[in-house]
Structure formats: C-alpha cells, structure tokens
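Everything on this sheet refers to the single structure shown next.
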Amino acid sequence: MNALSPPTFDVARIRRDFPILSQTIRGKPFVFLDSGASAQKPTAVIDAMRNAMETQYANVHRGLHWMSERTTEAYEAARDAIATLMNASDRHEIVITGSVTGSFNLMAHSFGRGVLKPGQAVLISAMEHHSNIVPWQMLRDERGIELRVAPITDAGELDMDAFEALLADGKVGLVSITHMSNVLGTVTPAARIVDLAHRYGAKVLFDGAQAIVHRKVDVQALGCDFYAWTGHKLYGPTGIGVLWGRRELLEQMPPFMGGGDMISSVSFEKSTWAQVPHKFEAGTPAILEGIGLKAAIDYVQAIGYDAIAAHEASLVDHALARLSAIPGLTVIGRAQDRGGVVSFTLDKAHSHDVATLLDRQGIAVRAGHHCAEPLMRRLGLDSTARATFGMYTTREEIDVLADTLLRVREFFSK
Amino acid sequence: MSGATFDDMRDLYQEVILDHGRNPRHAKRLDDFDSTAKGDNPMCGDRVQVWLKFTPAGAIAATGFEARGCAISVASADLMAETVQGRDPADTRALFAAFRDMARTGTCPACDAALTEPMERLAPLSGVHEYPSRVKCATLPWHALIAALDGTKETSSE
Amino acid sequence: MNALSPPTFDVARIRRDFPILSQTIRGKPFVFLDSGASAQKPTAVIDAMRNAMETQYANVHRGLHWMSERTTEAYEAARDAIATLMNASDRHEIVITGSVTGSFNLMAHSFGRGVLKPGQAVLISAMEHHSNIVPWQMLRDERGIELRVAPITDAGELDMDAFEALLADGKVGLVSITHMSNVLGTVTPAARIVDLAHRYGAKVLFDGAQAIVHRKVDVQALGCDFYAWTGHKLYGPTGIGVLWGRRELLEQMPPFMGGGDMISSVSFEKSTWAQVPHKFEAGTPAILEGIGLKAAIDYVQAIGYDAIAAHEASLVDHALARLSAIPGLTVIGRAQDRGGVVSFTLDKAHSHDVATLLDRQGIAVRAGHHCAEPLMRRLGLDSTARATFGMYTTREEIDVLADTLLRVREFFSK
Amino acid sequence: MSGATFDDMRDLYQEVILDHGRNPRHAKRLDDFDSTAKGDNPMCGDRVQVWLKFTPAGAIAATGFEARGCAISVASADLMAETVQGRDPADTRALFAAFRDMARTGTCPACDAALTEPMERLAPLSGVHEYPSRVKCATLPWHALIAALDGTKETSSE
C-alpha cells in the first residue's frame, strides 16, 4: 500500500489494534486526523488498564501486602519503560507528572524559582505551545526572570543566528524550546540548540510532546538536560506526563508540590524530602495511567520508531503533494525537517467552517490557534486547520481529506 | 464521494448563511453611534465589535458590526443586525434568549406569537445545534450586542 | 447478614460488581481491608473507561469535530456529577485536579500566595495527612505565613477549646482541616469548625479524601468555603482529584499552573486567564479519568450514601467489638463520631510484622505512619496497623481479620 | 482456619528470626567504639544505629546496635552483628553484597566458598525476597554498618 514504508509495517493490521477507528461518524467512515491533539489507544493499553482494575490494584509504595506490592511493581515498570524509551541512564531521572503541562510548571517552579536567579533569562521560541509560554511568563512576572523569544523564519524554522544572538550575553540560564512544533510540524535542530546553549552556559529543556510520537528520542544522544512529554499523545492514557532531567540537576531543585510520598520525614517544624524522583511526585501517583502508559510504550517499541517514522514521513510527503495541488490552499510551515503535522488555510473559507464541513464527512481535523496564539500572530493568522497523523493513518485517508477539501472550496466559492 | 454528500451540509450552511457570510449588509462601523461593545471567543479566535444607534424612544435605530471569524458568526451578526432593527432593548433581550435556545437545541420552546416573525428570519442558523462547538460562533455577536445595550464594553463567550 | 444495614443493601450483590474481590492471594481468598489507601473499582467504572477508549475519545474543549464534542460532553458531565454529589450551587465551582494532594497545592499556591498576606496564619490540626501539612509548610517557609496546629484529645478528637483559642487573635485566614482522619477514623465537627472559623474571619477548607467515601457531603449545608477530595478513594480512577470552592473566592485567586486551556488569550507580553474553573485547569485534562469518576459517582449515588453509611457503621461497631476483645491489642482512636477506619497496635508484634503475617493469609491491611507522621508522634507511636472498609467489606471479613490477629499474637507470644 | 496455616509463615518468620527478633544478643550501644552510623527507612519508620569497634588490624572487633523496628530488622541486625565479627572491611562489604542479593532474589549467585559459612548463618532471612516491601527491613542494618565503615554518619534506605 505504501511503497516508502518498510514492508513489515502493515497499517491495516495496526488499525485492527485500535477499535475506535472502525466507528462511523455522522454516517461516514471515521477519518481521524487529530492525533496531534490526542492519539487513540490500542487494545493493549485498554486491556492493561482494565486488567489492573479487574485483577491487580491497590495503592502503591507504602503497602506491605501482596496487591500493593504487585501494583507497585507494575507502576514502577512504567518508569523503567520510560527510561528505556528515552535512553535515560538512570531510572531515577524519570519524574512522572500529570501532563507535559505539569512538567513545564514543575520546571518553572522548581528550576525557575529554585535554581535560576533574578536577572537570568529563559529563552523560548516564537513557535511554542502555551504550556511552554505561560509558566515562564508567570515566573517572569513573579520573580523578575527575563523571558526571551527566539524568532522563526518565514519557512517556520528556528532562526539560528538570532537564537545565538539571544544567548550571547550569557544571561540565559535555560533554553526551553519545542522539539517539534504542533502547528508547523517543524522539527528543531536539537543538537545545534544544545551545543549553542551549553556553549553560553544555558541548560536545555525540550518540549517533546509532539516529537516523541514521531521519532526515537535518545536524551543521551541529544545531550539536553531536560525533556518533557505527555502520555495521551503517545497512544497512552490521559492524566500522565513525563519529565526527564539529569540527576544532578534534579537533585539541586527544590520540590514543587508537597504531600505524601515526596517526603522523607515530616514534623510540623521541618520536613525533609525524599530522593529523586519521588521528591517531585507528591500524593498517590497516576497508578492506572502508569500501567496504561507502559503498555503504550511497549506497543510503540514493538512496532518500532524506524517503521513509524518512515510511514509518517511518507504520509507527510503525500499530504503535502495532495494539499498543495488544491487551488487556494496554503500549507503553513515549510520546514526542511518535519513530522506528521500539516496546517493549512483555504482562501474562500474560514478554518472553522472547513473543520465543520470536513466533520460532516466524518473527517476529524482541528481548527483554531492550536494553543499557540503568539505563533498565529507571527504568521498573521487567526487560525489554521490542521491534520495530524498517527501510526494508524493511511494514505487513503489523506486522499479522502484532499478530495473533500476540493469540494469544500467549491462549496464556498459559489 | 458523490456531489450528494454536500447536500448534508446544507443543514448548517444554508444558502442564506453562505450569502450573508460572504456579503454581509451591516458589516461596517457606524460613525454616528450611541454604544459599542466587543465580543471575543478566545477558544476559537473569533472577534466581533457591534455599534448601536438608538431612536429617541430608545429602540435600536441602526446596527453595524465588524467581525473576524467564520461564516456562521458573520452571517449570524448580519442576520442579527437586520432582525433587531426597530426593536426596543427588552424585545431584543427576549429575542436573544429565544435565539440562544434555538442555537443550542434546534427548537424554541419559549417562542410566542411576537417572536414568530423575527425567529423565522433567524431560523437558518438553527442547524448549528448539531455542532455544539459552533453554537458560540452564532451567539457571539449577540453577546456583543447585549453588552452594548448594557453599556458593558467587552464580553467574552468562553 | 447484617441486621443494621438497610434491607436493600445487598453486599453480596455489590461484591459481584467488583471483579477484583474474587481473586485469591497467596492461595487464600482476598480480604481487602485497605480501601482507605485506595478503593477497588466497580465494573461500571472499568467499562466506562474502556468504552470511551474503544468508541468515543478525542481531546476535549477545542475540537470542532464530532469525537471531540462527544468527549467534551462526557468529560464535562463529570463536573456536573461532582457538583450534584457535593450539592454545589454552581458547576463552575468544581475544579478538577490530579489528586487531593494537587488540590491542596493549588490552594497553598493560589489562595496561600495570592489571597493570604504575610502575617496571617493557616490553622491545621494534629491529625492531618501529609498532603494537608507539607504544602502549608512550604508556604510558611517561603512567604512568612504562620502555620498553627490545633491539638487533639487523647480520644483522638479535635480539642475545640484549643481550636477556638488559636483563632482568637483573628490572624488565621484559612482553617485547613480534615473532615475525617485517615488514621483514627475521627469525623470532625464540621459545622462547629465552620461556625467558629467564620466568627473569627477565617475561611475553611476541608480535606474530605476519607469523609466523602463514607457519608453524604453537602457543601452548602456544611457552610464551608472549600472542600477537597480524591477520585481513587471513591471507587474511581487514579489521576483525578477535586477542589470545590465558592465562586467568588475562586475568582479572587490567581491561577496555579499555566498552559493551554487555562488562558483567555496569550501574547508574550501578557496573558489573560479563562474564567473559573478553567483558570485552574491547565493542559489536557484527565479526560478518561473524568469519565471513570463520573461512573463511580453514579454507582455510589445508585447505592446511596444512607445505605453505605449504615453498612459501614455496622462494620465499624463489629470491628471495634471483635478487635477490642483481642488481648494485647489496642485500638488507636476512640472518637464518638467515626468512619470506616480502625487503627491498632499489638503488644507483642510490630505492625509491619502483623501486616506481613495477615498478608500471608490473604488479608490486606496497611501498616506504617499512614502519611501522618506528626500524628504518630503525638500518639507516641512509630506505626499502626490499619484496617479500612469500603461498601463491599463484609462482616465475615472482619471476623477473618480478628481470628487471624488472635493467631498472629499467639505466633509472636511463644 | 487451621493451625497449619501458620506454618506458611515459617518461610519468613523462622524460629531463629523470632528468637533473634525477641532476644537480640548485640542490641546495645558500645561505650568504647571507633565508628557509628544511623540508618533510617522513612517509608516505614524503621530506625537503627550501629556502633563498631575495630581490631588494630582494622577488622571488626565488636558490633552493637539499637533498632526500632520490626522483627525482621532486629533479627537481621543481630545476625549481622554476629556474622561480621572478626571480618575485615573488604570481606564485610562482599558479604553485604551477597546478602542483599539473597534478600532480593532468594538466591546468592555470587556466593563463593569464602561466603558459604557466613551466608548459611544469614540464610534464615532469605524468605524476605517473597515480600519485596520487607527487603529493606532486612538490609537497613547493613546499610548503617556500611555507613559506619565508610565514616558516613547517616544513611537512608528509601
């Protein structure tokens, strides 16, 4: 079906693992092109969570009984799976949060208020998701830490000269930047970013919410200091996110939230903190979500990033070719290195109308600012329509999208 | 994919909506106005500003608007401007309540005889109730209108 | 089977709704007396989550397509169910968090740093869970807000005279106190607490993590200002918690975490916040967990709090009678008003050894400080063993516990 | 519930453990010591302090301890004190590594001839591997011992 995907990649078989994909929507086959907002879940994840609740569940960490011990093992196996997935050198470097937004807020509180000093700066880019903007703004407004924004080129790539110039005075303590834009699909040049940042004394945190869905992330190879992502986009459950950080950095950081499990001992006068990563994990953790995420990671690893990336690259090529041929359609973002995200506008129709017309045909795309308002402003747009691909997306679905967009345009051109 | 599939869309995008969305009659700032207000739907980026001119008796003499948004919100603003012409504030509020019901549910339980005529003009928008996230596109101009009546400068439909 | 439970309460039928309870542990029938740490999940919850993942799932709030709209409805129905459960007057008063620990940290940041002023005090009690201690300590150490601790009596009840005395100088801005102790089972006199606190100008936040499992919580009848609890103890999934607050108070509070969904608009210079409760809900919410929690609430409501409370009261009476008859066993906590939690120590055996010996017989109890170290110190103990009851707990299970404890004591007395 | 059920418990609570747990021989502070360290398991509240006296050659001449904790941790401390008697620090560390393996897995893959005799004395604790949350009860005194050898004052097994 797809000449560029490796022969072992059988998208029809994969689709059978995702029961939701066989639904019909408004009487039409379901064409789900909104995986970038949140991905669907394979049976392996659904079964892992159900199975835990039906046969093996109790609160973790402090229980001395069999159910608690087994559940602790199952939950902590998620940490091991995450560490392996990201090639972390130490499982204690994996902090489990509630979402990547939770990871950024942890960083803004704990690294931002605990390690950075007033007068230092945080450097983000013009194409960040709100979750990598707002926590830093709050930090800026509260602590007098400067917020710098690296511009992007018209092609939607990071402007590396400007990026370096913003580092040059040595005040930037942290570069917090997307590894892949959720609007433009742009994959940022991680190695160069790390190299430059380190040269000027800044640590680097990547927003990998999109990137880790589409390609292998090896934090040791990247050389970065922190890496954050979210479970629900990687075919896992909601309610769970990840922050990886170098152990020596995590150890310098004060805790973020207080409560059970993150302490070593508590008295009213003074409490002491548990070791990393538990210091950052207050309260009953996302136990079932950890179990579900482990199953998602195992599933992704079994398919393999090489196969997934090749399949998605061929989908993007096909989508760019088909969409660019539609008169009046503009693809937003033309980066060289890009992942399975294609944003576009139509001249005759507002993107909300486009999304609704597509939806009427069973095609789910997203329309709006995609939680990236400053980027929209940079692009001179209010909104775009956006199609995003998962491992289960087919070439035929992209054809249905393109054919339908032609008709949408016709409909609005009369 | 046959041409017929797009007839499904007519439930929402009726000819009158496409027409008012493309060629709104009232899409202009009033130079001479008594009140104005902005409406903002931050979730989708739609923005509208409404200007009102009243008669000496306090009824709506003229309505103008500027909208940045989808066909639904522009058409809704234009149909609104047409329909509220000559109505006093109390009538206008009653009409908004009825319109909002219709946009949400597709029907208008509270519609009495007095509302029959104006609601018939607004009826092309009733299809929006099948698309809950689009209901706010249709009601946003009305929120701005009511804010202008109230003398509030800004409103937001979140 | 149980004369005190209403005739409609059929525990055998309820147990059939909880598949995990038919497991065997180390070859013995599973006697799960650790619901206070986390409750088991009924089929209704398991099915609701599975069903969502199999047939109706997408990201919520910003999607214009059918799946997103249906999922948004299903998720927001959780907020309605929570509002009804607590008798909140307004669904916008329901803030969804990651856990009750998340709710306390939100309060400590947002109310503590945004509304309280240095020089004011927060009043807690000597029997709080760490999650209602540590966030206030962190606030104290960072912002110079005093932390006061109301003592308890030897029976394990709040010392109301001392409580009032601590309010008397009018400096206490917030009373944050348990509605039911997770160690002693003590239910605190909520109406008197609210009455006194309000008289001296303090707002009241209850830790309802335990209370809401055992009895109807009506925030309007209680008259409090905030009420927090956690989903996984109310037969719902992990990864979700609740904070109810009066709307006018929530509106005064600055946001806690920044990100998507909590903003009204974002620019690099300045962002504005969404209305409550969204202002406090940054990022993709716990969608599947909301759907699961809604199912749990529906299940609890169908059984009815009256029936649940009566059943649990009879279990507690039975447990106190049976355990008190064991030589060398001391029940810790003798409050008049109490819920389904019984802590105890044995003279001849450390509570960890007790828990392990019980576990060997398939009986799951918890042993340790139960995340309440300061209370342990007050009681002069290092740890207790603790049996906690859910709606599915039977009289027979308590008999098995008591019989086995007799043998444990014998085993260690030789 | 027959009496036989409690025989199951003997896999962990063997007679020797119950005995050393109840009547530890080395549970005392040494007045004359060369090094001491505390160990703390905050998760369960177990606490232990170990005192060491060395021979002129640097071997362990005497070990004393004070423990607040369960039967497993007290018995483990006592068996440890008995077993390390006369050993030099390198030997003691090797013994700890072997003991930890046994506590975690129930077997001792690295046990060579030199370790056979001491490991036999510690073998009653091997049952702990079936109760993962109790492994730390057994290893906590060893952590304190190693800390005392290292000259570290405090250690924690979380």
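Per-chain residue numbering starts at 1, and chain names A, B, C and D are given in the order in which the chains are listed.
Definition applied: a contact is a pair of C-beta atoms (placed from the backbone, for glycine too) under 8 Å apart; a residue touches a chain by one contact, two chains touch by 3 or more.
All values derive from a computational prediction rather than experimental measurement.
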**Item:** Co-neighbours of subunit D and subunit A - touch as defined
**Value:** C
**Asked** Measuring centre to centre, with centres taken as mean CA positions, what chain is farthest from subunit A?
**Response** D
**Asked** Per the centroid of Cα atoms for each chain, what is the distance between subunit B and subunit D, given in Å?
**Response** 78
**Item:** Between subunit B and subunit C, centroid-to-centroid distance (C-alpha), Å
**Value:** 46
**Prompt:** Where the centres are mean C-alpha positions, what is the separation of subunit A from subunit B, in Å?
**Reply:** 38
**Fill in**
Residue ranges of subunit A touching at least 2 other chains are 26, 62-64, 68, 263, 265, 352, 356, 359, 367-368, 373
**Asked** Do you know which subunit B residues sit against two or more other chains?
**Response** 43-44, 131, 134
**Message:** If we count contacts the way the header does, which residues on subunit C are in touch with subunit A in the complex?
**Reply:** 19-20, 23, 25-26, 30, 32, 34, 37-38, 40-41, 45-46, 49-50, 53-59, 62-68, 98-102, 104-105, 108, 129-131, 133-135, 137-138, 147, 149, 230, 232, 237-240, 255-263, 265-268, 270-271, 282-289, 352, 355-356, 358-359, 362-368, 371, 373-374, 377
**Message:** Quick check on the complex: what are the subunit A residues that touch subunit B?
**Reply:** 26, 349-353, 356-357, 359-361, 367-369, 373, 376, 382-383, 400, 403-404, 407, 411-412, 414
**Message:** So in the complex, the part of subunit A that touches subunit D is made up of which residues?
**Reply:** 61-64, 68-69, 72-73, 263-265, 272, 274-275, 278
**Asked** How about subunit D: which of its residues touch subunit C in the complex?
**Response** 1, 5-6, 8-9, 12-13, 18, 43-46, 68-72, 131, 134, 137
**Request:** Could you please specify the touching residues of subunit D with respect to subunit A in the complex?
**Result:** 40, 42-44, 131-134, 156, 158
